[in-house]
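Next come two complexes built around subunit A: one with subunit B, the other with subunit C.
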Partner chain A sequence: MRLETRRLLDRAFSSLGLIAIGVMALALVVILTPIIVRGSGAFIFRSTIEHRKVMFDQWDRGNAGRLETAKAEVAAARQPVYDMLAAFNTELDAMPRADRKPYKQSLRDLEKALAGLLGPVPGERTPVLIRQQYGATRWDRTQIKLDDVLTTEEWDYSDPTALGKLVRTPRVEQFRGTKLEPLFPYVEQNIKAMMQPRWTCYWQFLFDTSKDSHIFGGIGPEVLGTIYLTLGAMFFAIPMGVIAAIYLCEYAREGRVISFLRICISTLAGVPSIVFGLFGLAFFLNTIHISDSKSVLAGALTLSLLVLPTVIRASEEAILAVPRAYKEAAMSLGAGRWRTVMTVILPAALPGILTGVVISMGRAAGETAPIIFTAAVSVGRPLLPLEALSQPTPALSWNIYNLCTEHEAVDEIRHVQYGMVFTLVAVVLLLNVFAIIMRARISKKLRG
Partner chain B sequence: MKPKAHSPKRSLVMNASTSRLRRLGAFLGQGFLFSVTSLSTLTVFFIFYFIAKDAFPFFKLEGFREFFTSTHWYPSGHPAEFGAMAIFFGTGLVTLGAVAVSVPLGISAAVCLSDVLPFNTRQIVKPVIEILAAIPSVAYGFFALVVFAPLLQNHGGIVLSTGAWLILTPILSLLVIVLGDLLADRFPEALRRKARWICTLTLGAAALTGMMMLGNHLSAIQIASGTNALNVSIILGIMALPTIVSVSEDALQATGRELREGSYALGATRAETIMKTVIPASLSGILAAVILGVMRAIGETMVVWMASGNASRIPEPWYNMLEPVRTLTATIAGDMGEADHVTGSARFHVLFAMAFCLLTFSFVMNLVSESIVRRSRKKLGK
Partner chain C sequence: MSAAIEMKRASSFAGHAEEDFSLHPAHVQTEDFSVFYGNFEAVKKVNCNFPEGMVTAMIGPSGCGKSTLLRAINRMNDLIPSCRAGGTMTFDGENIYRKDIDVVSLRMRVGMVFQKPNVFPKSIYDNIAYGPRLQGIKNRNDLDEIVESSLKQAAIWDEVKDRLTTNALGMSGGQQQRLCLARALAVKPEILLMDEPTSALDPKATTKIEDLIGQLRGQYTIIIVTHNMQQAARVSDLTAFMYEGTLIEFGATRQLFTRPREKQTEDYITGRFG
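Moving on to the complex of A and B:
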């Protein structure tokens, strides 16, 4: 082969590697961007008057006087809509029965769409479900609901060979020539006056409980549940892991027993997380009955087993990274092995251990499979610390799954789902960034 | 309280009884440490025992044959059927897909990290890998279900052809340049420059037409459901990447400087050094990395549960990645909710039987990778 060809091959080889790294970075960006962008939309968004009403009615937030004036303005803007409906109803009554019939279903659909946009008709009985008491609370939802009012959607299956086609027709076609015809342009043009959108920072999203299965409110119980589970898991995993690491590094003599223990640890690290969940169910709940039902305690214990190998390995690495000279100096001053470990090695290894602990905290916070059978419920109130011993809790990771697969109004609460994912990812990433920075500082220190 | 001063009377020479006391204390302390350590490591036996304890009743009730050979999975039917073959197949298919995504990408990235990039750039790239590893699996699942699946479903053809273009363009263009160069070598010296141009251009044109045809073919595809094996494979591949990259990078680093310098001294280029010296020397480590990546993909629950479609049947034809599949982990997670109030029934125990299969598989894989790593370490003399 010629020298130039070889050089070319060499370049090609390097660029393949670079492409691989580029693809990896791209994947990271592609995955994180929608989560960050739409997730922050749960906190900062254009809220409508309905959002302010919810806040005031359910959480006592906001200025009562200002809300009343806004309500009056909005009511004035919405009045023509209801007037037109009333006029149409009288027009309908005057019609002969045969003409009236085709309008009935269309009118009912229109009223439903309008209720989704504006909330219940003023003066009527308040509905029982909270979600029916208010219109669209967010401006992005308002656009969608407005579209529902203005157009109808139907699936056309007339061609059996192809997939069904979506046909969209303006709803106004159904009411041509009636008194309702001007309603549609009116709603379209005056939507801002009817909803009064305004940029809002709803930071209480993190702490609020949810109302009417997450349609209103925040993710407070989930955040609290995740905190309990994570701290609980670390409460069990740190002492066990650090002690095991101390023993393995400082006391154990290499031999059969130790290599056996090491194989056990690596096997534990390889156990699929769902198997941990089943083990937690079979052992903590069904065998030793640590609590009557699922509980935070059982979940935390299960999670602690899951992160144990990580904690042990990280602590071992940190202890081994302590320079030998430290240990020898302590020993030569007459300190025993225990004293050396406690006063010299552990303090020196502490930042490293902490790094590992922080990373495993992120892991524990994000794991879902182990807590499905041991700790998580879909809906719950925030727990007091003592209740956590015996009661299940909602948790971010489980509720993300639950809300985007099993919720009855999946599309209505996309912002809540994104907000949860964003919160979870932000927590985990912050923990990891903290660990990365700490590790960089340690390695700088060790290098001198 | 005043700090207790050391009594000057305390002699430096220990008498027999204190010495014995101390030794006893040290022994007890060590015993305590040992017991905590073994307790935390022996958990793995606890796990085996309790999973097996609940798994065996299933085999006693239903036997082995149906479970491993039938594809009829109707645990709540009358009579209930527990044919899990399609589920095993789904697990295998998804894992295979994840390997196809992550192994080439991961190994080239690891090579690039360990041998190509300068130290400073490496320090920037490594956190990217760590962050990829840190993102919770449920967030990946959410992405797969809420972002990726609708995209596949609504614009499947475009996504597929764009993906093919993105992957194949760089690879093919490199291939064309290198092949053109190699072909040009056959020509006599005087014609070589022209020949190289001609060869490269013809090859390039051929590759481009091929790509066009492939792209057209792909963009005509309509995907019936966005939650399918392809979706899950790609996401699982991304999730397995960090494991593969970091373990195989360690293996590549462990071969050491001397080997590389020896190869360079013989006049090899970097690519030749890596392909002919470094990779063969660290092959076992890379294999271990692949095994760990496979284990990560097999054991993953949330992504497959959310985005694989959970249809318990073997796709038609079997390699059709665009069909929904169902995996072991997703079955355990999904069916336990319905089964845990019927503790003791076959329906409950079958899930433990699946978990037992998973556990045994990951245990064996783990032992294999451990022994590979240990042997390679011995070979490298470390």
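Moving on to the complex of A and C:
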């Protein structure tokens, strides 16, 4: 080939490579940015007085004295709203019956919207559900609730060829000329005084149990569940995988049975995870009754089967990469097969094995399908280690899915979803970083 | 090393005056000993005696089976699945290819130094202590003593005594090879097998290894495979010449190099082939 042609080809390849890497980096940024930005919103956000009330009532956090002062201030700022409502009610009673009627529904809607923003009217009976006992706890939610108070939503389907259109009309229109008319500008102008927004770092989000299906509180049980499941899966998968790899590399005689086994392992690696989930249900729970209900144990066993091929493969590669000379040296000094494996081969193969283990850990932490039928529930408390043998648990991966698809008030818990995704990604990344550091340290020790 | 010394070395044989080596008791003895790789016969019905306390060199062109024969003595060929042996090989009068032989304890009595330095990626100390630890020696003082004496025997103690805990892979190739020798000596073997121990080393490191062989002579039965005929002449008492799996000639080094009995031997040592 001519020199110019070769040069051109080299350049083409390096630029293609750079483009590929660039696209990958861009994709990573596009994926990670919203996760980080919105996910950190679960931890650091502008909280309202309602958040502080929840924290104090449900978790005994915060300064009682200061909270009382703030409550008094807020109550003072809110009082005109309730006064106006009371005045309007008196006005309504004085009206002729026919005039009263159109206001009835509007008033009910307004009261509902106000309760969403400010919580229940002071002095009235406390609602049963915790979510109805408090107003908006986050400033971003406050803005939306405020919109609900100030305007009404209606869908406009007048054009049959197009999708419905959302039309917002100011609620004040419904109350023109009544005593409620000044309420709307008042609420709009005094919202800060009524809610007292303040930047908060709610780091306990990571450890708190959730209240009222994730509307308040944190993701503690989910994080703990994920840790249990991942460690449990590794507890089974690492010994099984490494021993299998040692057997395949060092003990087994190459033959038809062994190559068939290898094909089986590769096939296992390609089986869809939902199939593992169903297998786990059918085998661990329905056949051998490892626990009465779904349990962390059953989930961990299912996950360990899922990652087993990866662990075996990585360990095998690592063991085969150990120089033959080490093995010969050990043998010539009088080491048996077992001693050779334990003292020379495994230590030298450790970095490679570790890589496989960490990839598997990341996968086990993130997998959803295998635990749907075997381990996961949507709401639960943090389990003690022994309870993990018989109890199901919430877990990050499953709850991300569950909150997206089955939660009844999905708008209220967006921040929780993002917080969970953020935490899961962070956990997996941290695991990887940890493994890279470990690997580097061991390799360095081996290289001398 | 100056050319003059090199010449002198090449012309002076390690062997003492002409000795009748057949009077020495055989340490390792083969009878119609053959090694097969699958159907290929790499070593063909070899009969020879390696006398106790002597240095025996094995020479021959590549692929002649000399390394295979060497590795048969501590049964390293067992690692190759298709390899099997025929005939008998005795060590101290005991057939080491008997079914019920304990290969591990055999290997503890036979030390080996390989072509490329193969130190473990461990500290210098742990490299030497590896063999003794396998034998169950755990006492720190005993181990310290063995490590020191082995390193001294391999003439590397002064170079490494201050960095015993550093990784052995940080040493130079020549040092690593001497460390391998020390490691082999630490298990107190009776025989020392050397498979082209200097082929990966520079001339200076080669001299050191050869000097060591000279010092160890008499204490161990040493069998060394080499491609370097000057080396064979310098270090060995006896030389075996192998060709295509067959032992062509075996005798005192001086005699084999100066008055070879076989035509093939003469052709090989005068460089007409191989």
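Assorted remarks:
Following the convention adopted for this analysis, the second predicted complex is superposed on the first by the 408 of 448 C-alpha atoms of A that agree within 3 Å, B and C clash if a C-alpha of one lies under 4 Å from a C-alpha of the other, contacts with A are read in each partner's own complex, and residues count from 1 in each chain.
We adopt the following convention: contacts are C-beta pairs under 8 Å (C-beta built on N, C-alpha and C of every residue); 3 or more make two chains touch, one makes a residue touch a chain.
Predicted, not measured: the structure shown is a model, and the values here were computed from it.
Of the two partner chains, subunit B is the only one that A:T287 touches; subunit C does not reach it. By the touch criterion defined above, A:L446 reaches subunit C but does not reach subunit B. By the document's definition of touching, of the two partners only subunit B reaches A:V23; subunit C does not. Once chain A of one complex is fitted onto chain A of the other, the partner contacts of A:R253 are limited to subunit C, with no touch recorded for subunit B. In the overlay built on the shared chain, the residue A:G336 is in contact with subunit B and with subunit C. Annotation for subunit A, partner touching more residues between subunit B and subunit C: B.
By the touch criterion defined above, A:P182 lies against neither subunit B nor subunit C after alignment on the C-alpha atoms of chain A.
In the superposed pair of complexes, A:P385 makes contact with neither subunit B nor subunit C.
Legend: residue contacts after superposition of the two complexes on their common chain; A:A325 is shown touching subunit C, with no touch to subunit B.
The residues of subunit A shared by its contacts with subunit B and with subunit C are 336.
If you check the complex, the residues on subunit A that touch subunit C are 253-254, 323, 325-336, 339, 343-344, 347-348, 445-448.
Contact residues of subunit A toward subunit B in the complex are 1-2, 4-10, 12-21, 23-25, 27-28, 31-32, 34-35, 163, 239-241, 243-244, 246-248, 251-252, 261, 263-279, 281-283, 286-287, 305, 308, 312, 336-338, 359, 362-363, 365-369, 372-373, 397-398, 400-401, 404-405, 414, 417, 421, 424-425, 428-429, 431-433, 436, 440.
Subunit B contributes residues 22, 26, 29-30, 33-34, 36-47, 50-51, 53-54, 104-106, 108-109, 111-113, 116-117, 123, 125, 127-132, 134-143, 145-147, 170-171, 174, 177-178, 181-182, 185, 222, 224, 238, 241, 245, 269-272, 274-275, 292, 295, 298-302, 305-306, 329, 332-333, 336-337, 340, 343, 351-352, 355, 358-359, 362-363, 365-367, 370 to its touches with subunit A in the complex.
Contact residues of subunit C toward subunit A in the complex are 74, 76, 79, 81, 104-105, 107-108, 110-112, 114, 116, 118-122, 130-131, 134-135, 166-170, 180, 183-184, 187.
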